[in-house]
Amino acid sequence: MTHAASTESKVPQAGTALDPTEPDGGVVGLKKPKPGKAKKPGESPNIFAGVFGWVWLAVIILPIYYIIITSFRTSQDLRANNQLIPTAEPTLDAFILVIQNDFFHFFFNSVIVTASTVAVVLAVSLMAAYYITRSTTWGGTRLFQLILLGIAIPVQATIIPVYYLIRQLGLYDTLWALILPQIAFAIPLSVLIIVNFVRDIPNELFESMRVDGAGEWKILGSLVVPMAKPALMTVGIYQALQVWNGFLFPLVLTQSRDVRVLPLSLWEYQGQFGINVPATLAAVVLSALPLLVAYILGRRYIVAGLTAGFGK
Amino acid sequence: MTATASTDTAVRDTGAGKRRQGPTFLMALPAVLFFGFFALIPLGGVLVISFMEWNILGTPSWVGLDNWDTVINDRPFTWRALTLTLLFVVGSYLFQAPIALMLGVFMAGQQRYRAFLSVLYFLPLLFSSVAVGLTFQSLFSPYYGMSAALPFDWLPNDWLTNSDIVMYVMIFVVGWCFIPFHALLYQAGVRQIPADMYEAATIDGAGRIRQFFSITLPQLRYTIITSSTLMLVGSLTYFDLIFVLTGGQPANAVRILPLDMYITGFSANNLGHASVIAVILVAIGLTMSLALNKLSGSSKMESDKAGA
Amino acid sequence: MSRHRTMRAGTAGVAAASLFALTACGGGGDGASAWILTGGGWPAIEEDLERFEEAHDVEIDVEALENDAYKQQIRTAVGSGDAPTLIMSWTGGALLEYVEEDRVVPLDGETGDLESRVHESVWQNGVVDGSVYAVPLNDVQPVVLYYNQEVLDEHGLDLPETWSDVEDIIDTLDGVDDVDAFSLAGGSIWPAFMWLAYLTDRHGGEGAFQAVVEGEDGAWDNESIIWALETMQELGENGFIGNYNAVTADQNEDAQLLADGRAAFLLQGSWVYATINQDFPEFADSGNFGFTEFPVLEDGAGDPSNIVGNPANFWSISADASEEEQEVARTYLSEHLYNDETVDQMLDNGSLPPLNDIEDRFAGAEAEDFLTFANELAANANHFQLSWDQAISPSEEQAFGDALAEILQGSSTPQDFVDTMNAQ
């Protein structure tokens, strides 16, 4: 994290890294341990760690390097030359072929599915988490137990009845078939993460809002949402990645081009392009580009957001 | 909406002192409906279908315990799939957990080069499992992939088809995908450890390794539990990469339960048998999660709530 | 804060709106649809469908899927009542199930003059219980032995006529680095079915497998099948290309190995002729690309004229399609299928339509040599064996593939194989 690097003397807190413009929730008494450095500066360099770090970098980079250089080749070029040395005659043919094959259509489908799923998951999980932590009846605890159980359900294992259900509802081969079940399966973990944050909001704040005559929806909007923001970011980013990358549901629940999402399209491209490996890998590169752009633009938020909610 | 909700809670204020106002169940209703309809009903459904014969084309019909009898008694592969699943889960954990932990500690350090490397370590998270699968499939291609390009004769070139090594290859590729995320969790965890703990330890003359075991590890307890749960349950149900990497080809050496379920259900068209496998998977998943929960002391919720 | 919320709500609204739009057109209903495969002669079929759309001012939504993807998805689609209007199959067990479950409609009397134009033996594959449920849509697909003349010349080899010739070739190439006798996409398994089918047939004749199809008890436990499996394991040791289990056919890697001179021969379906012309034009035009019959087994009981392959791919019409969609599909089958332009295009690709008197049509075609060869092969065959994986019931297909994969990997014995298959 360059944020940490550029402010050598000032170690960021998980919370500040998340939103540097806003003072951390310390105001409301979120229990944050005093931040500290893991290692003292000026300590003798850790050679083992250095070697390990660079070796892991090689492991990470080699495949990425390979897809990038290959995507600029032709398939003849790939067969004729050393596969790990960049081609002398780079070409965009592979990318053009992928784009001509409805790439943006599939991309747009993925955006719709991911955005709708995540929006609904955030809304309903937040409401449920609020109910669970602040309900005065037995319902809250019972519901939480149910939710905890839900985390343990292996999603993949329910694909057969989900297929049956979707088929009976007449939703087979629609985007709904992807959105509705994925919302359901994202709820447990999302609720758990948000609950961990909402729970720590001091009761006095709720009491004082109630005294001021605020209704539950008002409290939800102007107290719970801001307080749970790190958790909401984590849920949003984590679930967006899950849905964006999801493969089994699209594989079983959709078939036509109209509703094909990116991961499934990658798989289908492979069959379609056959020996044209560069085209398949160009599709892989293109599919990662939007996330790469997001990562470059909002690295700090993404990295901190992805983990903030798990920290508790 | 707002009005209804607030009057509702107002009425509830009995003034008994202990009793507080709270949100209505209405708040939780959408989540409950979604979860109930698309998660709990299918969960029950998988048990129901395990007692039925269904070839996808027709409608399911009851066959009682036949599927269970066949899958458990007359299908030697079931046991092999179970063994493979165990190997995959344990292997993935042993590969991912230590590396993720070490990387997390490494990334939490303040050195500039570490910050730079951390930016790059994130990159695998940008690729979907299918993308990673396709990448490694072509990288591992025997005649036109990595082994052909590198001048090392000792490199195997049947990475994905040699049944002796393919399981380890899968564990590696799946780890490649998921280690970065867990490393981030650990990085965040390490950064929350108070610095004065290390300062005190240094004054006491504790070395780097001592500090790691006596401060870092214990302080990361909750991160370790979170990360381990995600890793173990995740690899138990892992499907995407293995499916793509083996290309739907016979892959008996890595046919772990989720893949076995898919192949039995959607390639061999026996959804009854596949549901039996799915129920076994659910049972293992639930047991494992509950066990982990016990280990980590789930009573945390109760005590915190009481204190709130 | 509130700004963020509004934005989020806005995004959700837009998403929901586009969702309605997309589901509306995804559900189908306007215009027929058809799924085809990728590669081989399929692009010609797609063009043919496009010409039909233009000529009749109708819409047929064509979707091209890779072989494995097709097999995975067609069934869930048919089961969901969401099948394409035109359902492609290889007939055999899958068509039987479609008919049993009333998923396809009978086509008796609705196929124009097609029946009189198509070879009787091919036509019969689409007939179930006396009714026509499927009609052929492309070419006869015998499995043949392709070779690379350059490799043969380099090592002083001749085309094998008998199995002992094959053994000599294997011995000769044994000492050669980087060249093996037979390219084989063992990773895809189905090309290995072809070996099993030919070897069994040459050893014991068509009766051996016929007993399996007819469901005789213990029919897999047959000396010819066991001999074929043993022979394949020997070829696995020496004969098949190194790492044949890592080679896949869906990426045409097996054809590539032949084209690149890493193997002398490739046993594959006739569609590979078109694939090689498309994907490896340098090899196809080099004069080194050749084709021949599967060798004779001395002392074998099988008729040497017997061939293995697919009679053709077939169209059926989905019973779940609307009346209008079915009508469009029926018009396509009765009025357009095997029209002159398309037949000529098939012939140019080296694809042989299963039509009577076709030999009058391909004189002078670019692929005349191959067409003459394939036509004689098909016409002279005493028995045309449908690919084993298509002939057995779809529920056994997976087990069959898995069991043969274990044979190729050397992790089970031929006896294990027949025991597994008999238990199905």
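Note that the chains are named A, B and C in the order they appear, and that numbering of residues resets to 1 at the start of each chain.
The rule is short, and it goes like this: a contact is a pair of C-beta atoms (placed from the backbone, for glycine too) under 8 Å apart; a residue touches a chain by one contact, two chains touch by 3 or more.
The structure presented is a predicted model; accordingly, all values stated were derived computationally and were not measured.
Engineer: Give me the chains shared as neighbours by chain B and chain C.
Structural biologist: Chains in contact with chain B as well as chain C: A.
Engineer: If we define chain centres by averaging CA atoms, which chain lands farthest from chain B? Would you check?
Structural biologist: C
Engineer: CA centre of chain A versus CA centre of chain C: separation in Å?
Structural biologist: Comparing mean C-alpha positions, chain C is 41 Å from chain A.
Engineer: Measuring from the mean C-alpha position of chain A to the mean C-alpha position of chain B, what distance in angstrom results?
Structural biologist: About 14 Å, centre to centre.
Engineer: Mark out which residues of chain C touch at least two other chains, giving numbers and ranges.
Structural biologist: Where chain C meets two or more other chains at a single residue, that happens at 68, 72, 76, 79, 250, 253, 256.
Engineer: Give me the residues of chain A that touch two or more other chains.
Structural biologist: Touching at least two other chains: 79, 120, 252, 267, 270, 277.
Engineer: For chain B, what residues touch not just one other chain but two or more?
Structural biologist: 141, 144, 266, in rising order.
Engineer: What residues of chain B sit close enough to touch chain A in their complex?
Structural biologist: 1-3, 5-6, 9, 12, 19-25, 27-28, 30-32, 34-35, 37-46, 48-49, 60, 99, 102-103, 105-110, 112-132, 134-136, 138-139, 141, 144-146, 148-150, 176, 180-181, 184-185, 187-199, 202, 208, 216, 222-223, 226, 233, 236-237, 239-240, 243-244, 258, 261-262, 265-266, 271, 274-275, 278-279, 281-282, 285-286, 288-290, 293, 298, 301, 304-305, 308
Engineer: If we count contacts the way the header does, which residues on chain B are in touch with chain C in the complex?
Structural biologist: 55-58, 74, 141-144, 157-163, 247-250, 252, 263-264, 266-270
Engineer: So in the complex, the part of chain C that touches chain B is made up of which residues?
Structural biologist: Of all residues in chain C, those touching chain B are 68, 71-72, 75-76, 78-79, 97-98, 101, 103, 186-189, 243, 245-248, 250, 253, 256-257, 262, 394-395, 397-399, 401-402, 404-406, 409, 411, 423.
Engineer: Could you list, by residue number, the parts of chain C that touch chain A in their complex?
Structural biologist: On the chain C side, the touching residues are 1-2, 5, 8-9, 11-12, 15-16, 18-19, 22-23, 25-28, 33, 38-39, 61, 63-69, 72-73, 76-77, 79-82, 250-253, 256, 260, 279.
Engineer: Which of the residues in chain A come into contact with chain C in the complex?
Structural biologist: Touch list, chain A to chain C: 79, 108-109, 111-112, 115-116, 119-120, 122, 163, 167, 172-176, 179, 221-222, 225-226, 251-252, 255-259, 267-268, 270-272, 274-275, 277.
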